[in-house]
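Chain IDs A, B, C and D follow the sequence of writing; residue 1 opens each chain.
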Amino acid sequence: MINKIIPSAAEAVAEIGDGATVMIGGFGEAGSPIELIHALIDSGPKNLTVISNNTGSGHIGLAALIENRQVGKMICSFPRTANSKVFPELYHNGEIELELVPQGTLAERIRAGGAGIPAFYTPTSVNTPLAEGKETRVFDGLTCVLEYGLKADFSLVKCHRADRYGNLTYNKTARNFGPIMCTAATTTIVQTRKVVELGEIDPEIVVTPGIFVQKVVEITNPADESKLVAEERRYPW
Amino acid sequence: MINKIIPSAAEAVAEIGDGATVMIGGFGEAGSPIELIHALIDSGPKNLTVISNNTGSGHIGLAALIENRQVGKMICSFPRTANSKVFPELYHNGEIELELVPQGTLAERIRAGGAGIPAFYTPTSVNTPLAEGKETRVFDGLTCVLEYGLKADFSLVKCHRADRYGNLTYNKTARNFGPIMCTAATTTIVQTRKVVELGEIDPEIVVTPGIFVQKVVEITNPADESKLVAEERRYPW
Amino acid sequence: MVSKDEKMGWSVSEMAQKAALDIPDGAYVNLGIGMPELVAAFVPEGREVIYHTENGLLGMGPGPDPEDENPELINAGKKPVTAIPGSCFFHHADSFTMIRGRHIDVCVLGAMQVSEEGDLANWSTGAPNAIPAVGGAMDLVAGIKTIFVISRHNTKTGDPKIVKKCTYPLTGKAVVDRIYTDLAILDVTKDGLFVRELGPGVTFEYLQEHTEATLRRYPETASRES
Amino acid sequence: MVSKDEKMGWSVSEMAQKAALDIPDGAYVNLGIGMPELVAAFVPEGREVIYHTENGLLGMGPGPDPEDENPELINAGKKPVTAIPGSCFFHHADSFTMIRGRHIDVCVLGAMQVSEEGDLANWSTGAPNAIPAVGGAMDLVAGIKTIFVISRHNTKTGDPKIVKKCTYPLTGKAVVDRIYTDLAILDVTKDGLFVRELGPGVTFEYLQEHTEATLRRYPETASRES
């Protein structure tokens, strides 16, 4: 029988080891799998390469993972946010590596990684510092850079509803990187607000087909990141 | 005001002229926009390049368009079906050109065309006759061919529900090429079983966002292609 | 050893059953058109297998009763199917993301020819008057981790289908992992074609006679036969 | 001509209003973070404009009442927004398909510098201690058909932002089509920067004094002024 439901976040992330590449969903706090990230802080693997659009806020979630010195390298488009203090400090101290990727190129690289496309051409970043050192090629007069698909050992994603096959739906703009990150990891670990029965999600509205998901944890009331930041909370609590 | 609803199929396809490149949705009869194709037969443009997975059945729909000598070239993955007689005959007589593309490569080329990706690498077709003459490149030991994005002047697509913004949902496996073809054409023309009010389609379940659609025609009871084929009907009737 | 007059080997259903036995619990499986479709009927008790059909459905169920047929719910062979609870629909680019992205575990395909090295030819005879039609075959063999072939061992005219080198245009090079025929189950390995199991009444010698490719015996098979 | 002591040019709201006037009915529009967001408030009567926010919403509405804020319904600036009837949600790859695939008609962006040739710098000062952060800016300028820049004409310290050549790292080369500042509206053309409209009380000479780039007058503008 196929049953991807895992009893706890701790068990779900237990196999993530030192040096793993981990995609983490979310755009700002929307879609950020904060309970899975905190479980990863508890379990403690080091020298992770994290692929995520931002670098977290305050001292919780992804920012706390970085602050806990578990991340050796960030691949992201926007490593600054209003309340982002941890990453800038480590970056200035040379304690963390950064690969800056334009947001749409980041999304497309993840999508390509998941789709078995090793590389593609895009006009984004041409004539900018981010194209330096990259192969270029002209198509119908349009100069493009060659970009490579991104894959990960693990993806951590937050969704809205999930069933035991791993079929997922998302909530509003919390969808963002979730569906593509699910496709690009060897092991995709998802936290869901609710586990539902097979068939409760109409086959027409499934956003992530279960084939892209390996583990599902129910987190009924995920923490509200901005509240925690406002309260100046730190993880570990 | 944005209102993409067009009163008739005839008006919707009127601007398709000689030599246009036209993507036509459908996998076999599922998703085939038969009323739009028939309107295109009525309006009569010649020397079309048609991008569609198959070449139609019997003497109706896409097969009839080909039989009417309106198609100069087919780009497709499977130009044969159980009841496909028209294409084989013209092909043997050298009256129609064929570009054969593996189905997944066809889908990805259309998706790339719509996504502004001029070209990508894929392992599909390597070491086969369909890779002959194509650029190859090795990524991590995997030999791939370079494939180019496909765009069209027009896409003809069949959907299930549509609103005046052009937001679409599909029905079961009739979805197939519709969503990607909508993205890849300058002008996407859609036939829908029903036009619904704005907001009737939950924003979470829209499959094709309206931005990819230019014209919508309501065809409440689209013809059942396999019935027409069984009855040996021909278009024009 | 049975005489050549007696019925030898497996029926098509038995071949499908053998293949089904080798599909693990929880596998995502794509079945090619024709004989491969039969495999779905033989999932062993206690296993749950999810079928993908590349036209846009994960969780394909058996064919419906005639009155429930829906021309918009079909499989890659354009035949009416059903959708199981927990299934989902998606567009072609997402469907081939599952294939090319190596998310599907097993693909069972028919074959015109399979070579010693696992090359597969199953889309065209290359005859000058043939309409070339490839569909998703090249994508399937390029993307899916494990490729099973299910096929009669020989053509209707008795020609070998398991050959030294394919004479028909290839679908993919070195892609086949295992072959299920009416006469035997063969493993494609780096060291050549090994006989995994012989059909009822089939001897290694008989099999080799009906096979152009060179066959090898696993040590344990050889001893079991002796 | 007003004296230099009087208030000159447009307010930020007026700038946004000017930009909004140039967005046609039915346009799909992406608004950058900050000043560009104001443009949404000034859609002229009778026009319907659909806003795209690259984090995954087409049909973004105005900010909600505080009690209706939803941390999972935000815009690219990570601020709470609403979704209009007829909106839809999608993932990032689909969102940037809209951008890169040239489906969005107009993008309104802020700027650090714009050059005579329409080069835009709006993501980094290039200072060695700056954290580089680009977000979707490079995708927007590479993919969207018409790029408007809305920005104060000069920096707070009075430095020119409309320059001969950008000294900050580029977001894109020759991408800007029109610039809305407090002092003027400028068209970027192959023949250089043309003054489309001067703000209240602003003369061409005054504008040129506050602009590093060379400005040109359209023939009709020149005659209207004389």
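Throughout what follows, a residue touches a chain if its C-beta (ideal position, glycine included) is under 8 Å from a C-beta of that chain, and two chains touch if they have at least 3 such contacts.
All of these numbers come straight from a predicted model, not from anything done at the bench.
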Any chain that touches chain B and chain A
C, D
More C-beta contacts across A-D or across B-D?
A-D
Separation of the C-alpha centres, chain A versus chain D, in whole Å, is 30
What whole-number Å value describes the gap between the mean CA coordinates of chain A and chain C?
37
Per the C-alpha centroid definition, the whole-Å distance linking chain C and chain D comes out as 58
Give me the residues of chain D that touch two or more other chains.
57, 83, 89-90, 93, 96, 99-100, 143
Listed in rising order, chain A residues that touch 2 or more other chains are 108, 111, 115-117, 122-123, 170-172, 203-204
If each chain is a node and each touching pair an edge, is that a line, ring, star, complete or other?
other
Contacting chain pairs, sorted by label, are A-B, A-C, A-D, B-C, B-D
In the complex, go through chain B and note every residue touching chain A.
108, 112, 115-123, 137, 139-140, 142, 144, 148, 169-172, 202-205
Interface with chain B, chain C side, in the complex: residues 53-57, 70-75, 78, 83, 89-93, 95-96, 99-100, 126, 129, 131-139, 142-143, 169-173
The chain A residues in contact with chain D across the complex are 27-31, 77-82, 87-88, 91-92, 98, 100-108, 110-111, 122-130, 170-180, 207, 224-226
Which residues of chain B touch chain D in the complex?
1-2, 111, 113-117, 163-165, 167, 183, 197-199, 201, 203-204, 206, 209-212
Residues of chain C touching chain A in their complex?
25-26, 28, 46, 48, 50, 52, 57-59, 83, 85-90, 93-94, 96-104, 143
